[in-house]
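Some structures are shown below for you to check.
Look for chain A in each of the two complexes below; its partner is chain B in the first and chain C in the second.
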Partner chain A sequence: MATIHVDGKEYEVDGSDNLLHACLSLGLNIPYFCWHPALGSVGACRQCAVKQFKDADDTRGRLVMSCLTSATTGTYISITDPEAVAFRASVDEFLMANHPHDCPVCEEGGHCHLQDMTVMTGHSLRRYHFTKRTHLNQDLGPFINHEMNRCIACYRCDRFYREYAGGTDFGVFGAHDNVYFGRPTPGTLENEFSGNLTEVCPTGVFTDKTHSERYVRKWDMQYAPSVCMHCSLGCNVSPGERYGEIRRIENRYNGTINHYFLCDRGRFGYGYTNRKDRPRVAFIAQDGKLAQASTEDARARLGGLLRGAKHVVGIGSPRASLESNFALRELVGAENFFDGHSDAEHVLVAQAIAILRDGPVASTTLKALESGDAALVLGEDVMQTAPRAALSLRQAARGLGQKLLAQQKLQHWQAGALENLAQDHYNPIFVTATHATRLDPIATETCRAAVEDQARLGLAVAHFIDPAAPAVAGLDAATEARAQRIAECLLAAERPLVVSGTGAGSAEILQAAANVAWALHARGKTVGFFLAFPEANSFGLGLMDARPLGEALDALANGAAEVAIVVENDLFRRAPTARVEAALDKARLVVVDHQDTPTTRHAEVLLPAATVFEGDGTVVNNEGRAQRYFQVFDTAYYHPDIATTESWRWLRRLLSDVRGDGHDASTFDEVSSACAAVLPQFTAITKAAPQAKFRILGLKAARTPHRYSGRTAMRANLSVHEPRASQDADSPLAFSMEGFNGTGTDNTPADQRPGALVSYAWAPGWNSPQAWNKFQDEVGGHLRGGDPGVHLFTANTQASTTYFTHIPAAFVVDNTTPRVVALPQIFGSELLSSRAEPVASRITEAYVAMNGTLAATLSLAEHDSVAVTIAGSVLSLPVRISDALPDGIIGVPDGAPGIPRIATGAQATLKVGAAA
Partner chain B sequence: MNDIKRILIGFWSNLVTLWLIFAHLWRHKDTVNYPEEMPYLPPRYRGRIILTRDPDGDERCVACNLCAAVCPVGCISLQKAERPEDGRWYPEWFRINFSRCIYCGFCEEACPTAAIQLTPDFELAEYDRQNMVYEKEHLLISGTGKYHDYNFYRVAGMSIAGKPKGAAESEAQPIDVKSLLP
Partner chain C sequence: MSTADPVKLKDLPKVAPFVLHPDDRAAIVHEKTLYDYPRAAVIEALKIVQARHGWVCDAAVTAIADVLGVTAADVDGVATFYNLIFRQPVGRHVIKICDSIGCFLTGYEALRAAFEKHLGIRYGGTTPDNRFTLLPVVCLGACDRGPVIMIDDDTHFNVGPDGIVALLERYA
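== the complex of A and B ==
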């Protein structure tokens, strides 16, 4: 700690911080542009000048950049000194000299850091009357708009994109005051985290193109705290709605998970909720086709169907909330409730949960991954299956720079020095995969092999770390040496990381990863253990111990069960088409979903479910953290005929119809508490967020900013008589700007907003995402009201280390019938995001990848067409030669158009012949 | 005695009043025979709201939402769209609920493009309140309204068809990034 004096007042701050960081953490306002809590200081913009004095008696002082000055004890500064104020105003005026007259037609307007800082510095009148510098723009693909005229040359984009996120196709060009931030040539930004440029850029150079198409100002949107549904990490997001459509996703700060950044799948994958082809009313099958029906008719039909049926099975879903899965389990009975994963994933998820819950090492958090200093990524292509984790892993690799800084007695925030010292040197990261991954460029060593061989390597590493772990017999000398190298490196690290997941489709990989983590734990290391799961709520559904899907399909196919209720799931993604069709042809199918899928087309009754934006629910992320997502808007407000509601509410209504008890108005808290009471593993979920009766200073929390406009006109076309604002019985949030909208203060717990109820970042004078500063205990730290989410179980540190002893046999190469591996794709593999237009445009074309040896054996060249038989269907695919693939393995992109879904992990052998 | 004096004064006062009223028959009239005769209202009178066009005949409104934000009764709502042929922002639809409007004129003050203007037309009575909801087709006129010369896109830095980068007022030609010359 250090004591600093700001404008005559004494404050206790963290002495390792810079003055800007320290003052912002204290709640003092200093304008800034180039500094960012996650990117450090470079002193490029000169906006954060304050006056520093030698001691208490010095009255003359000198101007310093607060972002480049340490907050050491005995620092005397003044923020309000007239000279400093005038200096900051003139810096802002200089930055504005070339700024175009664009605000009305700029997507950043209203949440623009440059606007905020211009108001804060008091610059209000243009004195510069010469010509303005202009730049030509580039087309940066379907996600990002480029408008270089607005640039103030703070270098944040470059530092984020190249240094933080590792992008290679973007940079700074030109010289002196002509600098240009863009790609060498126009084209789609390749990096998976390009969307963060829209938030990192303090002005409107990079804006969200998907939002621009249906643009509204930040103050005009309705928000709710939400959770990303596009992978298992549970990043917190802040979706904005206007006129009944979701208009954009922005990052919602969570100091233990995603903090400031999201991946592009999460940010741009929301379009599925706005699709016109979504079921929004109930449908009943008539003459083999689904016809629109009233909710009453559908319920009457379903009541009869369910009461008359002897055996009803319910199939849950890893993309549905805990409450929806629980309500289904309640309706059909625990013994008739089936897992919505494919059978292969069912096994993997159960294995991963068992490892994390019963083993001695619990999962680490996404944020904590960044502080690791050596990592083994075993079998999981994190960039494609859990992209945000790859960004965290990159920070772990970059952590070496921090060590070098400390050696040079420099501060951790000196970003320029860090970049010069670290150059291309990273903390050791070992990556194993069947194919080339996007982490390879920063990997110390990569190992491309079949899953069995990767698992064997992992097990060997574990054995080298702790001889009590089983040894692997029959390893070749190279693998043996590699295992030893990895083991030594992990042991030498202060905080080694072991990252794996279900993405490789192998329980043996999971077991090997567990052995490594447990071995490190046994050797007294603080190990960060991180497993990626298949989908947003895979962990939660897995904890319900449902029976595997295959049993349900068999029961339906052989007539043991007659009715199937499928909740938010497309069975054709979960099992082979023939098997699903055999089951659905016999069954009477009820589907509750928000997307039109091949499964819904078999339904006798289809009920319109709410998407994550239209309802309340709880999901459990890959670390076992239960997080609540809240309804963003009331769908019926603009379209009274829309009948969508949460699956759990539909199922509760059906339950009441079946029971005939007339209790069909369940609230979220009722269902959630019932879930917690019936299934003790979920006891903690009621604490994931405050319950509906919670109030802050007697108020619900507001969903919309106080400037929210057009309340008396937005639905006046329907009727000039305005209805009462929608009421929310399920949460402590109001569908209105009327409610608590404060950031809370340090010392009064009464006005503290729990982190789980912060819908969007806004504080007086801070309209941009930089407003998160005002919600944090210290800038870049945790939310003052607590980071959202609650762990369902705590680390089982007492558990004894019982290593997995099964050693898989080595993979046998057979180039005549190579093994097919589904290559996970950030864009395409996940169902919902791939239904958003901008993401769909980034999905790769179908291809088959193989290494040069195999291609030569079959005398194939790049782009040649080849007939590939996968799961019974013959596909004609162009060849892509990738020598990263090991012998005997070919890869097809998961989710590419025309390729049947090979459930992650399902591996089939097949024959490759010349093109027909 | 006092009572008689007061009665006389009162009587006199009444006669004076009667005379003054009678004399008004020959005075200049301040009222007009509305609706047969229309009153004069100054151009800046705050009546019915219109959307105007720029001197080139294109819609001035760029759908920046500032009028909606400043409206104290929240009676304006609109949706931004972009014209595919030239990249101009415009309101896909624009709605004012005149049954809520208080004619404060804030929208006109907030408008950065001089698109939204208040006019001296106050005749907005309707039998059916629903008819007081005006859509863009009812708001958009063919002229420039009170401000004849302003054209936002000639000043703004955003390029549109026919006005590339560097062609706006006070703009230099776009920079050649590859040049190292000072």
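== the complex of A and C ==
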């Protein structure tokens, strides 16, 4: 700790920080542009100048850049010194000289860091009235708008995109007052984290193109604390709604998970909720077609159906909340509740959960990954299956720069020095996969092999680390040597990481990863262990110990069960088409979902479910953290005819109809508490967020900013009489600007807002996402009200290390019937985001990838068409030659149009026929 | 103060597809060996290409990036940073008139006007016969003998408006 003096007052700060960081952490306001909590200091913009004095008696002082000055004990500074104030105002005026006066038509307006800083510095009158420099803009693809005229040349975009995120198709061109930030040629920004440019850019150069379509100001949207549903990591998001449509997703700060950044799948994948073809009322099958029906009719039909049926099965879903899955389990009975994963994923999820829950090493967090200093990524293509984790792994790799800074006795925030020192050097990362991955460019070594061989390598690494772990017989010398290299490297690290997951479709990979993590643990290492799961609530559903889906399909096909209730699931993504059809042809099917899928078309009754934005729920992320997501808006307020509501509420209504107890209106807390009471593994979920009765200073928390406008008129098309605002019995949030909207003042007072209840980033004077500074215990740290979410179990440190002993046999290459591997895709593999138009436009065309040797044997060249037989269906696919694929393996992009969905990583044999 | 005529992209001359000359490739590969990081060789690579072709086209940027194993953005970032790496075609001879303070005091404005009138082009322009391109340049370090200009690699001192016709005749 250090004591610094700011404008005559004494403060305790962390002496290793710079003054800007320290002062912002204290809640003091210093304007800045080029600094960013996650990017460090470069001192380029000169906006954060303060006056520094030699000692308490010095009255002259000198201007220093607070971002480049250490907050050491005995520092005397003044933020309010007239010379410093005037200097900052003049810097802002210089930056504004070329900035257009287009705030009224600029999409950044209202959440613009440049606006905030211009107000903060007091520069209110433009004296420059000459021609401003202008630029041509580029088409940067479906996600990002480009308006270079607004640029103030802070370089944050370049530092984020190239250094932080590893993008290669972006740069800075030109010199002096004529610099240009963009791609070498117009085209889609290829980096998976490009969307963060919209928040990293302090002004409107990079804005959200998906939002442009139906634009609305930040202050005119309604928000709720939400969780991304597009992979298992559970990044926190802040969705904005207007007129019953989700208009934009912004990052919601969670200091243990995603902190400042999201991936593009999570940011731009929300469009599925606005689709016109969603079921929004109940449907009942008539003459082989689904026809709209009233809720009453649907319930009457279902009451009869369920009361009359001898045997009803319920099929849950990893994309539905815990409450929805639990309500289904309650309705059909535990013995009739089935897992919504494919059977292959059912096994993998159970294996992954057992490893994390029962083993000696629990999961580390996404944020903690960043502090690892060596990593083994075993089998999981994280950039495609859990993209945000790949960004964290990149920071672990870049962590070498911090060591180099420390050697030079430089502070950790010296970002310019860090880049100069680190250049292309990274902490060691070893990547194994069946194919080339986007982490390969920063990998120390890559191993491309079949899953068995990757598992064997992993098991051998574990044995080298701890000889008590089983040895692998029959490895070739090169693999032995590689295993030893990896083992030595992980042992030499202070904080080694082991990253794997279900994405490779192999339990043996998971077991091998567990052995490595446990071996490091046995050797006394603090190991960061991280497993990616298939979907947003795979962990939660897996914890329910449901029976595998195949048993339900069999029971339906053979007539043992007659009614199936499927909740938020498309069974055709979970099992082969013929098998699903055989089951659904016999069954009377009830579907509760918010998307029109091949499964809903078989339904006798279809109930319209709420999306994550339209309802409340709890999901469990890949580390076993239960997180609450809150309803963003009330659909019925804008469209009284719409019947969508959470699946759990539909199922509770059906339960009441079946029981005839008249208990029709369950609240979220009732269902959540019942889940926690019935299933002890979920005891903690009621603490994931405050319950509905919670108040701050007697108030609910507001969902909309206090400047929210137009509420009295937004329903005038229905009635000029404005109804009472929607009431929310399920949460401590209000569908209104009336409610608590503060940031809290310090760590314990009554006006502290729990982190789980912060809907959007705003603080007085801070309208941009930089307002998160005002909610954190220290800038870039944790939320003062606590990072949202609660772990369902703690590390089982008492567990003895019982290594997995099964050693898989080596893969046998058979090029006549090569194995097919589904290559996971950030855009396409996940159902909901792929139904959002901008994401759909990024989905790859179908192809079949193979290495040059195999292509040569078949006399195939790049782009040749080939007939591929996968699981009985014949596809004509163009060939892509990728020598990263090992012999005997071909790849098809998971989720590409026309590719039958085999569960990610599941494998089959196939025959490559003659060219079609 | 007038500003340079922007070259409209559609007016760029049609040129044969760029091919990196084998000698240039070898020279760039050699430069790469002289530095710890290939990015450091970008500036030399650009000079090698410009020496042969007179300017650096988009395809050359990509070719240099491929040879050095760096991104095209890195190469173009360097290429556009330096005002004497030409990213647009220039004439056979490039006239650079110093517009810094010393030459301003000794008659730069009249000299510039004379060049523009004689050649019929403004800054950034190239004569229709592709013989001359006219550009401003910063101080050439001969303020005692201003106005100073450079034509290609030759520096000329005390250049007055009257002498430019004879001077230009020396450059075919």
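Convention: the second predicted complex is superposed on the first by the 914 of 916 C-alpha atoms of A that agree within 3 Å, B and C clash if a C-alpha of one lies under 4 Å from a C-alpha of the other, contacts with A are read in each partner's own complex, and residues count from 1 in each chain.
Here, a contact is a pair of C-beta atoms (placed from the backbone, for glycine too) under 8 Å apart; a residue touches a chain by one contact, two chains touch by 3 or more.
Note that this is a predicted model, so its numbers are computed, not measured.
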Touched partner set for A:Gln423, first chain B, second chain C, both or neither: second
Of chain B and chain C, the chain that contacts the larger number of chain A residues: B
Contacts of A:Thr59 with chain B and chain C, given as first, second, both or neither: neither
Which of chain B and chain C A:Gln407 touches, first, second, both or neither: neither
Touching partner for A:Arg133 - first (chain B), second (chain C), both, neither: first
Partner chain in contact with A:Gly171 - chain B first, chain C second, else both or neither: second
First, second, both or neither for A:Cys103, with chain B first and chain C second: first
On chain A, the residue positions that both chain B and chain C contact, one per complex: 173-175, 180
Residues of chain A that touch chain B when the two form their complex: 100-106, 109-110, 129-137, 147, 149-150, 173-176, 178, 180, 212-217, 219-220, 243, 707-714, 716-717, 719-721
Residues of chain A touching chain C in the complex: 162, 168-175, 180, 183-185, 423-424
Chain C residues touching chain A - in the complex, by the definition given at the top: 36-37, 58, 61, 71-74, 76-77, 80-83
Touch list for chain B against partner chain A, complex: 62-66, 68-69, 71, 73-80, 82, 89, 95-97, 99-100, 112-113, 129-130, 132-133, 135, 152, 155-159, 165-166, 168, 170-175, 177-180, 182
